[in-house]
Amino acid sequence: MSSVLSDIKKDYMVSLLKNGKREDGRGLNDMRDLKIDIGIVNKAEGSCYVQIGDTKVIAGVKCETGTPFPDTPNQGVFTTNAELIPMASPDFEAGPPREDSIELARVVDRGIRESGAIDFEKLVIKEGELVRVLFVDIHIMDYNGNLFDAAGIAAIAALYNAKIPVLDEEGNKTEEQIPLPMRKIPVPCTYVKIADSLLYDPSFEEESVMDSRITVTTEDKGNIAAMQKGDVGSFKKEEILEIVRRSKARGDEIRSILNEKFSDMR
Amino acid sequence: MSSVLSDIKKDYMVSLLKNGKREDGRGLNDMRDLKIDIGIVNKAEGSCYVQIGDTKVIAGVKCETGTPFPDTPNQGVFTTNAELIPMASPDFEAGPPREDSIELARVVDRGIRESGAIDFEKLVIKEGELVRVLFVDIHIMDYNGNLFDAAGIAAIAALYNAKIPVLDEEGNKTEEQIPLPMRKIPVPCTYVKIADSLLYDPSFEEESVMDSRITVTTEDKGNIAAMQKGDVGSFKKEEILEIVRRSKARGDEIRSILNEKFSDMR
Amino acid sequence: MSSVLSDIKKDYMVSLLKNGKREDGRGLNDMRDLKIDIGIVNKAEGSCYVQIGDTKVIAGVKCETGTPFPDTPNQGVFTTNAELIPMASPDFEAGPPREDSIELARVVDRGIRESGAIDFEKLVIKEGELVRVLFVDIHIMDYNGNLFDAAGIAAIAALYNAKIPVLDEEGNKTEEQIPLPMRKIPVPCTYVKIADSLLYDPSFEEESVMDSRITVTTEDKGNIAAMQKGDVGSFKKEEILEIVRRSKARGDEIRSILNEKFSDMR
Amino acid sequence: MDKDIKFFENGKRIDGRDVDELRNINIEVGVFKRADGSSYIEWGGNKIYCAVYGPREAYPRFLQKSDRAILKCRYNMASFAVEDRKRPGPSRRGVEIGKVTQGALEPALLLENFPKCMVEVNIEVVQADAGTRCAGIAAASVALANAGIPMKELVPSCAAGKVDDRIVLDLSKEEDNYGQADLPLAFLPRKNEFSLLQMDGDLSEEQLEEALELGKKGCLEVYEIQKEALKKKYVREDDSNE
Amino acid sequence: MDKDIKFFENGKRIDGRDVDELRNINIEVGVFKRADGSSYIEWGGNKIYCAVYGPREAYPRFLQKSDRAILKCRYNMASFAVEDRKRPGPSRRGVEIGKVTQGALEPALLLENFPKCMVEVNIEVVQADAGTRCAGIAAASVALANAGIPMKELVPSCAAGKVDDRIVLDLSKEEDNYGQADLPLAFLPRKNEFSLLQMDGDLSEEQLEEALELGKKGCLEVYEIQKEALKKKYVREDDSNE
Amino acid sequence: MDKDIKFFENGKRIDGRDVDELRNINIEVGVFKRADGSSYIEWGGNKIYCAVYGPREAYPRFLQKSDRAILKCRYNMASFAVEDRKRPGPSRRGVEIGKVTQGALEPALLLENFPKCMVEVNIEVVQADAGTRCAGIAAASVALANAGIPMKELVPSCAAGKVDDRIVLDLSKEEDNYGQADLPLAFLPRKNEFSLLQMDGDLSEEQLEEALELGKKGCLEVYEIQKEALKKKYVREDDSNE
């Protein structure tokens, strides 16, 4: 966007924000409509479609077997990949992953990994030799802001959806299937700052004029499992703590939606 | 080429075609001079140089051993690769294979694979564990139209030329050599359409103004093993069937040339 | 540099050279200050920082185990890599190794390999199955001319500095460490020709106007282990032989500096 | 690659279809906000999204054509769309399908209206179940219409094939894997010509003729479904505008 | 990922530090000739070089911004900087660190002075020992000053963390590997805001507050070291100019 | 890397040659239609094609030089050119050979006649049998002449080497693999200077001098073969023009 247009748009948004309003009519701490469809891809071990407003993502889980990393012989392997495919935005190009998709994948990955959501020790088939290798692949289909939350929710739900084959003693697949050893539901909440206002669940328009962005991933007990200040800008300590408080509350709400869906699944 | 020049050239060609003539004096169903030199690279297991008019390609076969694909444990592995090297045209760039060379390799590959030309089961050394891995590499040396036919003929002739070492019981190479287990001679025939005329073996100039292109690969019994409509344009059903009929006749002619060369070889 | 400026600079240098002088006051056969710091990276098996004037490079050695190449089952594996990182010059770009860094790595590699500096047979753990795999990685930190000599000296010193773990019978690492089986100290000496003058240890400025460049690597007995004429230009036979003679003398001097440092190390 | 499979029982195919019967097809139009046009197709077990961007200035510039827009088609399969995980990123197969997809769609478009521009078609296979290229072309043509790209006609697409020596329409996964021939087609209904034609397997001339006829019939059915999907979209929009 | 490690003895950490104590830090300014600005930092066992180029015309051109310079940050780790050899070349981890480094430094720079230009920061980790991104940011800020890039203030950086349920400053390698949380921070002293904030592990809200406070204290100490390094450089230069 | 090989018998080498004898060399000129100049060389068991394009505008543009054309040399080996299949595509070895090939040819060319242009040399090794870089340079020089690139002189090239402590000309595959030194050379006959000089192995100063002399003699023989090939081409063309 040319900087002149961008300035005009920002001025407009700031004047709205002074009255506690957002362009699309939401309150500062409101989320757009959240839609979660679990299990939409039956070729995947687990899958989930998430829509936040007009942002649409799909996450799929595949499970293979392989060797563990030498420094963690008693843990399964977990890999998160995000594709900002050209479908989702006129600005995304095909080709090797760019820095944006790498950051997205790594932030989602850390939220799941650091919260202890997966019991990696239960993914070991033979210690030091053979473990389950989990892949979470996230496809961004329509990019209209707040990819971090959409991708993070889709990823954890796809993991909870996943069924993997029980292996016999030689490590061969049997017909029987079990869910993944999941323990927690980490939920990322993203806020942006525009002229001292903190906005939850930023739209594409809001992201294009934001001063700064932060994502806080909380887990079931309300503790923080991961944080990431993104892009430019900076935050006061008080702002960070305020965002953390809001993220805990918002995280709890989304967690109960997910929990309900997970129990429906069984 | 600028579109103005291209239009003028096309008009000229079309006016010739109305009288059943081509720029280089050939009839519509005529092939340029075909030259086939088998066994020109003695470091390769098999090789063939093919010249169609001024188009020149070389195909080489190498054979290694490796593991079969999990879903075809009782079949050898076969890979076709084509390099449109910068040598062949001022428009070819070095680097990763572009879409043109990928299409070329895949069309040649399908013609050979789908015709059953190779008895893949005879390439198994130990089922599910060790098989022969065949590589056909095609180098385009001078690009003057009709790569598909030149590459396809060179590839099948290089395979018939190939000698691979007999393996002993431990899978080690012995001095003895045997030919590959070849069963059929698929031959691709390429036609282009320019203003409702169907031209066999298009030259570079003809390809640059063509409306559409099609390659039909037939096998010894006259059945079709593979087809590919290339680039833009479209064909009527009747045109397709007419091209298939001509390709069968043309394919038989080239097959008998090849058969003669193959028997000379022995 | 624009060619006009380049011409003016070259004229100036040539006029200095007629009086046997160089821009920085050195004699034609003088080296800039040479600084060698061995063992600066304790995470590496061996390391060395080399400074020649303002040119600064760091070489590090890492050692793994792996399978030997099929054609040399009784030899360890040795790989040299050079990174002309963007840090070192405004003209170096990040990304895949460019031809300059490939040439640099290969010339350093050949000097070490061909001089017999390393007793590769002593790097075999189990013939044909398991050998030591040595990596020398060279980082160019500040590029001010004569990378070949700086990189070559850093690489050989890092190899002499390296300690690798003794392996037990199963091939597992023990606590005990031994130096690499080093036998010789190859030293590269680089000369450039500017208007018939031969200059040792070219500066960046001198390289930017040179007519031609040559690197001669000699070993302990004074024999030549590797040579490389670089970039454009050409040399008379007499010039080559003169450079070889000077390189032997210069190589001996640097070898004795290195030898002293190596004995300090023990 | 015949296996010991019984492809027909009481004249019906494994999944209960007649030889000339398509699988269930459903197309939604305008499913994305950012894209200029988009669609979603479910075709048997295939689930495929398509987004169209353009016409906009072609980039990089050396691709620009002075007399018309270029058409770029990208076909991508999600790593989780198939049984065995596919490595993310471009594959040789995907590159070729992108190329023939372009060849199938371009004859129906009026690209000469937009010199120096490009139109981009992105096809994303989220679940694959045989026939993804045909389903992708059918979806893409609808998405191009949704993007308002001027066109002579829609491009329906579907495959014919041969199993157990019989010509059938729209191969299922099992028929594709173990059958005798696959013939993916795209058809221009007004021009009465085929703009996609690939084939591998084993067909006699007569079988080819039969397969082309059957494929054409299938394409014409897909054509109705495409038109219906667009009608539903625009009628619904008209309704909501009232 | 707690191991059976005793992180504290007599109130001191494994390496003898207090909970609020930084490791030894030494910064040298102007260590390279070609670069427009440069620095070298030793921070505990970390050895990191930084070179800055610019402002110069941004390339490739489509990156240019009409109202300010762009900042490109490249973080690279030498293959021999760590125990197990790192494959040379860019890694996903390095790409992300480059990105957050840019986000940490940019708020302090007056990039609007140089439209269409770029400033490049190259961080090269020669030896790694926990906390390389913070050490790199601290060194880069000094190198930017050395290059004469106009700035509002220097950007100090350091990590806080949690081990054995206690909040500590500047994690060592062992504390990083086996501790409970890592919180790399960069702080803008005049603006009183954090420009780098990442975290992984497990922190309660109260622990976060404590860690932010402790991290801020650490950053302010690093800030003094940065200023001292620049002072030493320029005082020395002034001396030698007399 | 000496093996237990007998390199000489009755004063002759393994393949029957004298120490100062080249293998059979045959050069054909103008073998391709698309290229501006081309050649094919058989040298012992080597089979190498060369195509030259240019001068034409250098692309991408940042490569252009305002005072002369740039010379790009690409050396590629077919995957089937050697005993063990080579992976298709560029290799580190090929990149280096391309670079020294450029250095060997450029001194003989009048590139200053074509500012902002490029001349491209493509060398394709179809069968390799020791000495491919020298054979490639010799062929490329002839192809450059065939393309009408203005030049001061042709560039002949050949290797000297050391086996069994003796200096020999034009190493065979076996001599190259198990010999003591390899010295690929290119020589500018009029300027009397070497424009390619690489060496690896073990040579004393005296052996180097002997090898340079022998290599020069070999290059001068190659020079005659190059001139003969061009003469044959143009005389033949003149004949056919009558």
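By letter and in written order, the chains are A, B, C, D, E and F; residue numbering begins at 1 in each of them.
Throughout what follows, a residue touches a chain if its C-beta (ideal position, glycine included) is under 8 Å from a C-beta of that chain, and two chains touch if they have at least 3 such contacts.
Since the model is a prediction, treat every value here as computed from it, not as a measurement.
**Student:** Counting hops between chains that touch, how far apart are chain B and chain E?
**Tutor:** Steps on the shortest route: 3.
**Student:** Counting one step for each move to a touching chain, how far apart are chain B and chain F?
**Tutor:** 1
**Student:** With chain centres set to the mean of the C-alpha atoms, which chain is at the far end from chain F?
**Tutor:** Looking at centroid distances, A is the chain farthest away.
**Student:** Let me have the rounded angstrom distance from the C-alpha centre of chain A over to the C-alpha centre of chain B, please.
**Tutor:** 48
**Student:** Using mean CA coordinates as chain centres, what's the gap between chain C and chain F in Å?
**Tutor:** Whole-Å distance between the two chain centres: 27.
**Student:** Express in whole angstrom the distance between the two chain centres, defined as the mean CA positions of chain C and chain D.
**Tutor:** 58
**Student:** Centre to centre, by mean C-alpha position, how many angstrom separate chain C and chain E?
**Tutor:** 32
**Student:** Indicate the residues of chain F shared as contacts by at least two other chains.
**Tutor:** Chain F, residues with two or more chain partners: not present.
**Student:** Among the residues of chain A, pick out those that touch two or more other chains and give their numbers.
**Tutor:** none
**Student:** Should the pattern of chain-chain touching be classed as line, ring, star, complete or other?
**Tutor:** Drawn as a graph, the chains make one closed cycle, so a ring.
**Student:** Follow the ring of contacts from chain B, passing to chain F on the first step, and record the chains in turn.
**Tutor:** So, from chain B then chain F onward, the ring reads B, F, C, E, A, D.
**Student:** If you look only at chain A, which of its residues touch chain D in the complex?
**Tutor:** Listed in rising order, the residues are 40-45, 47, 54, 56, 58, 60-62, 64, 81, 83, 85-90, 94-96, 135, 137, 139, 141-144, 204.
**Student:** Mind pulling up the chain E residues that touch chain A in the complex?
**Tutor:** Touching chain A from chain E are residues 65-67, 84, 92-93, 95-96, 98-100, 102-103, 106-107, 183, 188, 191-205, 208-209, 212-213, 216.
**Student:** For the complex, which residues does chain E have touching chain C?
**Tutor:** 31-35, 45, 47, 49-51, 53, 56, 74, 76, 78-83, 85, 88-90, 120, 122, 124, 126-129
**Student:** For the complex, give me every residue of chain A touching chain E.
**Tutor:** Interface residues on chain A, with respect to chain E: 2-3, 70, 97, 99, 102-103, 105-106, 110, 113-116, 214, 219, 222-237, 240-241, 244-245, 248.
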